[in-house]
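Next, two complexes with subunit A in common: one pairs it with subunit B, the other with subunit C.
And now, the complex of A and B:
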């Protein structure tokens, strides 16, 4: 990428990666422990938290997910924001 | 279907241009026990595995694709600024003459990926034991790469991936127990 990204980009992205790691880890655990109610509660909690973080991230740095709203009427933001191997 | 997110599962930072390390990492990109082999193996086995463990194969396969992207990012970042001379010094001259700086599904010795690396026996226990072995082999490979690496930033990401292999292996072992329990219950009639 030509223009450097602000520190905040990496900070928020890392928070999302952390939350999604918890979601993924609980998902695999629940695949083999499907009746663990505490784990299901934690899964829902972190899934919700991850969605909140992503909404905040996308409003500042552009779409993170396919299907997210394009913020502009004139520019296609998906191909403008950096790809994971470029940051 | 799948949907894409513009992020890696875990951050990948690279300290310096290092095509030698990139060459080692190709073992986890297009090698027999690498992330591509893992993703394709589980994704394909899930159709015929008993229902109770389909979700596990599906979800681990999905995570393996995220690991494949992390390995690709490592190789890309370690080689993107390398000169032809640096690539030659790293033993990547043969790669360069065919692919320039493009990535390719080769192992560390330059052998292209083949579906013969993976199995689908249709027998659930046989398939899951193969999956456990694959995770243990991938874990060992990560350790050997970490032993060879002098890049502290990269080693942090490699240690994350090594630990994921441990978790996957553990989950597959639990899946075996789930299927054994199910089999034993069926005998009671």
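And now, the complex of A and C:
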């Protein structure tokens, strides 16, 4: 079993999940309400917040997706376990 | 006329059972009628949950929250918030 992950890892991951959920809900809403400015404002706010959270998370705990930046120049971090969905 | 029960999203009916039906009667069957059925085109600026709540409740807008309890499980009558 890999070493237990710090509590911070789970806290930030849940924060990312929350932000992404709001983004997803608003995306579906905006598909049918393209002119709702309030929703567009909220969408942009949360989308930016989510990117910010992911940048902070990845700098601290490694890549979240395959396409993410590799933290070090020497070894490939993506193949190390655990993957975000395995925690 | 059936008595006017309070509005719930869990509805039920009893399918008719024929005397010639070899199988035992099914009894009461349940189906769910979530809020989105009663709300046509979604109006804008509906009240929302906080993001953390929204993740737990499964929807961003309060009006669409629909708690589901398995009616077939014993003692499933009580609805939890």
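Rule of thumb we're sticking to: the second predicted complex is superposed on the first by the 83 of 87 C-alpha atoms of A that agree within 3 Å, B and C clash if a C-alpha of one lies under 4 Å from a C-alpha of the other, contacts with A are read in each partner's own complex, and residues count from 1 in each chain.
Assume contacts are C-beta pairs under 8 Å (C-beta built on N, C-alpha and C of every residue); 3 or more make two chains touch, one makes a residue touch a chain.
As the structure is a prediction and not an experimental result, all values here were calculated from the model.
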Which superposed partner A:84 touches (first subunit B, second subunit C, both, neither): first
Of subunit B and subunit C, the chain that contacts the larger number of subunit A residues: B
Partner chain(s) touched by A:21 [first = subunit B, second = subunit C, both, neither]: both
Partner chain(s) touched by A:38 [first = subunit B, second = subunit C, both, neither]: second
Subunit A residues contacted in one complex by subunit B, in the other by subunit C: 14, 17, 21, 25, 29, 32-33
Sites on subunit A touched by subunit B in the complex: 10, 13-14, 16-17, 20-21, 24-25, 27-29, 31-33, 63-67, 81-85
Residue ranges of subunit B in contact with subunit A within the complex: 3-12, 53, 55-56, 59-60, 63, 69, 72-73, 76-77, 167-168, 171, 174-175, 178
Subunit A residues touching subunit C - in the complex, by the definition given at the top: 14, 17-19, 21-22, 25-26, 29, 32-33, 36, 38-39, 46
Residues of subunit C defined as touching subunit A within the complex: 41-42, 44-45, 51-52, 54-55, 59-60
